[in-house]
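Given below, in the form of C-alpha cells, are the structures.
In the two assemblies presented below, chain A is common to both, partnered first by chain B and then by chain C.
Coming up: the complex of A and B.
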C-alpha cells in the first residue's frame, strides 16, 4: 500500500495516468485506437520527438535549457546531407558526421552559457536565430527530395507491417525506430549507472556544492549541450528517413513540443530532477494526443488548446504537491498527543 | 612539538587593496578540538579558505604535518586529510542520502560506472561512524537542517579525513540539535580526529573547545585554553569593547493603565491552546520555549498568518478580529520574522527601498512614487537606528546581519505600530551587534510600543524582557518576572517534563 502511495506521488505517475485516460477516451470515441496499425503508426511517430526529448532531458537535469536544437539539427542535417550527397558507403559515417557537427554547435551553446553564466533561455534563443539565419541566408538551404544513396537500406528496412482487417489499411514500423530504442537505453544507462550521469544530477541540484566536491561544473554543463546537439542531429536524420525527404523548415517550432513532453514527464525546470521513463510518458502523451486528435478530425488549434490544458493541470498538480510538503505549521499539539498515547 | 597538525605562519592576504588578514599565526595540535572565533567579517572564513586551498595567501606559509606548503590547492588539502564542512553543507538536495555521501568517493576513485549496492554499503558505514541512523533513500532536500549537516559530516569522514573544519556549524540548529552535534564531534575526537570549529556563539565555544584563537579585524588578538577564560573576556577580545547587559525592568511602563494588547484563551487547532497574555505600553514581554513548543505558531497567529481558531484578541480594550495579515497591520500589529533573509528583506534591493517596502503608499504623489522623498525619509531611519552603511542606495545584501536586522526593524517602525512582535531578532547576529539591537528594542519599548519578544536564546529573553512566559507543547506553562529568576531556572522551566 505504501509503495503504491509512493509511486503515485511521483510526478511521472501523473503523466501516465493522463495518458491512460486519453487512450481510453480515444478508443471510446473512435473505436480504432487499439488496432494494430494505429499502434504501429503511433510507435513510429514517437521516434523523432523521443530522441530529441532525451537530449533535452539531459540539459534540463544539468540545470540548463536548450530551445535552439531544432534550428541546430536542421543546420547540421542539411550540411550532412549535402556533404554525403553521392556517398555510397556505410550509413554510420553520415550519422557520425552529423553527430560531430551538431555536437560542435551544441558545444558553442554550452560554452557561451557555462563560461559567461548567461541565461540559457536568452543564449539559445539567440543561437536559434543564428542557426536559422546561417541555414537560410548563407547556405541557402532548399528541400532535398532524394536522400543520399547510403541511407536507402536503413530507410527501406521495416521491423513489422500491421494491417487493419476492417479497413485494410496497413502501417509499417520503420527500422529507424530501433535508433530511438537505442538512444533511450543509452540515456537511461548514462543517467542512472554512470558517475557522469550522477554528476549531471549533482550540478543541476546544487552547482556550488558540486564545485566544492571537485566536480568540473563547466564541462558538465557544456557536455549536456553537446549531448542535446547530438541527439537532435540524429533525430533530424531519422526524420528525413521516415518522411523520405529533408525540408529546412520541417522542424520549425518543434522545441515547444519537445519541452512540453519533457516537463510533463516530471522533469524540473530548475535542474536536478527528471527521468527517462517519465520523459517517455510525456512523449507518448503529447504525441498520441496530437495524432489522435488529427485522426478524429479535430482542428489544429484545438490540439494546441488541449496541450495547454494538460500542461496547466500537470503544473498545478506538482505545485499542489510542493505546497503540501512545505506547510509552515508543525502540528505541535498533535505531536504531543501522540506522545501521551504512547505513555498510556 | 611534533604533534602540530596545522601551523600557519605570518599569513597575509588582501582583496582589492583591503588587507583581510594581517600576519596571522595559528597552531592546531593533533587530536584537539580547536575553536576559531570572531565577529562576522573578521576573516575567519578567509582562513578556512586558505587552509582548504580555495584562496592563495599573498605571503606566509602553511605547514601541515610538518610539511610546508606555500600554496595549497583543494586536491592537496584533501590528500592531507583535510575535510571541510561548509556553512551551507554543500549537499545536493535533489539526491538521496546515500548518493550524497558516496558521490565523493566515486569522484575520488574516478569511477566510470556507479555501483548502487556498494554505495549504500559505504554510506551506511559512514553513518555508523558518527552513530546516527538516517533513511538512506530519503531525498536530502526533505531532511531537517541538522540531518543535512550529519550527511555532510558522514561524507567528509569517508575520504580518509584526519582534520575536519566546521564552518559555523551551529548557525541553523536548535539547542537540542547542537547538543547532539557536539556529541558527534566529541566522539570523532575520541576516534583521533582533529577538529577546527569556527563559530561566534560563546556558550558553544566553552562547551566544546579545549583551545581557541580569537580574531578581530584580520588579526589574532588572543589564543589559549578555554578553561583559563570566562565569557566576558571573550566578548571583550572579540568586540574590543566592554559589553554588559543590565536586566530590563520596563521603566516607562504605565502600571495603572489597561493593557494595550490582550488575548484570552487563544487557540489554533493542533498548534496551541488557551493562550492568555496581556501586555502594557512600555513593556517587553518575552515568550520562550523549545523548537516545536508552539512559540512561532503563536506569533504567526497573532499576526494573522494562521488566524486563531478560538479565543479573543483585544487591542486598547476593544475586541478585534485578526483574520489576515492585512487585518493585523491595519490594527497596528507588526511582525519581525525569524528568517530575515527570506521573509523579512529583499536582499538585492536598495536599503531605502527595503525600509519603505511597507509604506510605499505614503510616497505616492501626482507624479507617481517620489524616490527622493523616500530616500530622504530613509536617512532618518538609518540615523535613528544607527544603521552603518556608506550609502542607502546599496543593496541590503551588502549589510552585516545586525545592520540588515535594523533595516527590518526600521521598516516595521515606519508603520507606527502599537504592538511589535519580534521572532528571534538576533538570530545569526554578532555579539556586539546583538547588544546594539537589544538597545534599540528597549528604546522602542520606551517610546510606548508594546513589544513581544519571542526567542529560544534564554540569555536574551532574561536580560531584555521584564516579564517572561514559557511555552511547552502548545501551552503557556510558566509566567515569571525576569528579576525573580536566574537564567538557569528559566532554562530548566523550558525543558521540564511533566
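Coming up: the complex of A and C.
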C-alpha cells in the first residue's frame, strides 16, 4: 500500500493518469481510438517531438533552458540536405554531419550561457532569432521537396502496416520510429547508468556544490546544450523523412510544444529533476490530444485551448504538491532556492 | 574644471544610454546611405504607428522581468482582447449604427480591454505567486490558453468587418503627425515612471526581483507585488490589442506572433536585468526606437528579406550583453 502511495505521488504518475483518462474519453466518444490504425499513426507521430523532448529534458536537468532548437535544427537540417544533395552513400553519414553541425550550433548556445552566466531564456531567444535570420536571410532557405537519394532506403522502410478491415485504409509505422526508440534508450542509459548523468543531475540540483565536488560545471552545461542540438538535428532529419520534404518554417513555434511535454512529464524548470519515462508520458499526452480532437468531432481550432488547459492543470497540480509538502515559511524559502538556481 | 567633472560623471552614470544612442545614430546614418526615403515624415509616422504595439508590451514585460519573472503571454492577451472586442463591435456597432452608439461602444471597448487585461494579469499573477509556478512556465501555458480562446472566438480565421468609423477613430493622427498609439505609449510610460519612481512600488518591485526571501521577512507582500506587475503588463498588452485591432481592422490568432520575442529583446537591450531587480524606462524606449529603426531599415534595404532583421537584432543583443558583461566586470574588479 505504501509503495502504491509513493508511486502515485510521483509527478509522472499524474501525467500517466491524465493520459489514460484522455484515452478512455476519446475511445468513448469516437470508438476508434483503440484501433490498430490509430495506434500506428499515433506512434509514428511521437517520433519527432519525442526525440526533441529527450534533448530538452537533458538541458532542463542541467538547470538550463533551450528554446532555440527548432531554429537550430531547421538550420542544421537545411545545411545537411543541401550538402548531401547528390550523395548516394550510407545514410549514416548525413546523420553524422547533421549531428556535427547542430552540435556546434548547440555549443555556441552553451558557451555563451555557461561562460557569461546569462539567463538561458534570453540567450536562446537571441540565438533563435540569429538562426532564423541566418536560415532565411543569408541562406535564403526554400522548401526541399526531393530528399537526397541516400535517405530513400530508410524512408521507405516500414516496421509494420496496419490495415483497417472495414475501410481498407492502411497506416504504416516508418522505420524512423526505431531512431526514436534508440534515442530514448540511449538517453535513459545516459541519465541513469553513467557518471556523466549523475553529474548532470548534480549540476542542475546545486551548481556550487557540484563545483566544490570537482565537477567541471562549465563543460557539463555546454555538453547539455550540445546534446540538445544533436537530438534536435536528428529529429529534423526524421521529420523530413516522415513527411517526405523539408520546409524551413515547419518547426516554427515548436519549442513551446516540446517544453510543455517535458514539463508535464514532471521535469523541474529549475534543474536537477526529471525522468525519461515521465517525458515520454508528456509527449504521449500532448501529441495524442492534438491529433485526437478530430476523432472526437471537435474542431481543430480548440487544439491550442485544450493544450493550454491541460498544461495549466498539470503544472498547477505539481506546483500545489510541492507547496503542500513544505510549510508556508519554508515554501517561501523553497521558491527562493528555485529562483537562485534559475539565476545561476 | 568643475563643469568638466560633472559632465564626466554624467557620462559615466549614463554610459549605457550613450551606447544605445550611439547605436541608434549609427543605424540612422547607415539608413540615410542605403535609402533616400528613410528620412521622410511619412516614414517616421509609419514607424511610430508600428512601434506602439510592442512598445506597450515591452513596458509590461520590463515590470515582470524586474520582479524576477517574465511575461510570455502578452501577445496572447492582446489577440484575445482584439478577438473579443471585434466580436462585440461586429455584433453591437455595425457599419450603419448611429454616432451615439459608436461613441458608447468606443468607451465600452476601452473599458472592456482594461477589464480583460486586469483579469488575465491577475490570473497570471495568481498562478505565479500563490502556486509558485515558475513565471516562464505559467505565462507560457496561459499564452496557450489565451491564444486558444482567441482561436475559438475567431474560429481560426480572421474576423473582419469592423465598423470603419471605429477604425478611423482609433487610427487618427493627432495634430496630423502623432499617431494615437504614440500618445497612449507616452501616457503609459509616464504612468509607469510615476508608479516606479514616485511610489514605493518601484523599490519593492526591484527588491522582490533581487531577493524575495529578504522582502518576505521585511514584511512586504511579495504575492501582491508580483500580481500587480503582471496585472499592469496584461493591461498594457490588452491596450496594445485595441491598437492592433484598429490598425489592422481585423482580428486573428496569429497576429504579432514575433512581438513577444521582440519585446523581451527590447527590454534586455534597454538595460533591464534578465534576472530581476533592475529596470530602465528610458532604456526600454530607446530599445523600441532601435528595433523599429532596424525593422524599417531592413525592409527598405534592397535585396534583404524581412528575416534579416532577426539577424541584426540577435547580433546587436548578444554584443550589447557581452559588452555590458565586460564593462560591469571591470567595474567590480576595479573596486
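As a working rule, the second predicted complex is superposed on the first by the 321 of 344 C-alpha atoms of A that agree within 3 Å, B and C clash if a C-alpha of one lies under 4 Å from a C-alpha of the other, contacts with A are read in each partner's own complex, and residues count from 1 in each chain.
The rule is short, and it goes like this: a residue touches a chain if its C-beta (ideal position, glycine included) is under 8 Å from a C-beta of that chain, and two chains touch if they have at least 3 such contacts.
No experiment lies behind these values; they were computed from the predicted model shown.
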Touched partner set for A:202, first chain B, second chain C, both or neither: first
Partner chain in contact with A:24 - chain B first, chain C second, else both or neither: neither
First (chain B), second (chain C), both or neither touched by A:194: first
When both partners are placed on the shared chain, which of chain B and chain C touches more of chain A: C
Which superposed partner A:8 touches (first chain B, second chain C, both, neither): neither
First, second, both or neither for A:169, with chain B first and chain C second: neither
Which of chain B and chain C A:259 touches, first, second, both or neither: second
Contact residues common to both interfaces of chain A (with chain B and with chain C): 331-336
Touching residues on chain C, where the partner in the complex is chain A: 68, 70, 127, 131-134, 136-138, 140-149, 151-152, 154-156, 211-213, 216, 222, 253, 257, 261, 264-265, 268, 274-276, 304-305, 307-315, 317-318, 321-322, 325
Residues of chain A that touch chain C when the two form their complex: 65, 112, 116, 118-119, 121-123, 125-130, 132-138, 140, 253, 256, 259-260, 263, 269-270, 299-309, 311-312, 315-316, 319-320, 322-323, 331-336, 338-339, 342-343
Touch list for chain A against partner chain B, complex: 192-199, 201-202, 204-206, 208-210, 212-215, 268, 271-273, 325, 328-336
Of all residues in chain B, those that touch chain A in their complex: 74-75, 78, 84, 86, 88-95, 99, 103-104, 106-107, 111-114, 142, 269-273, 292-294, 297, 300, 305-306, 473-474
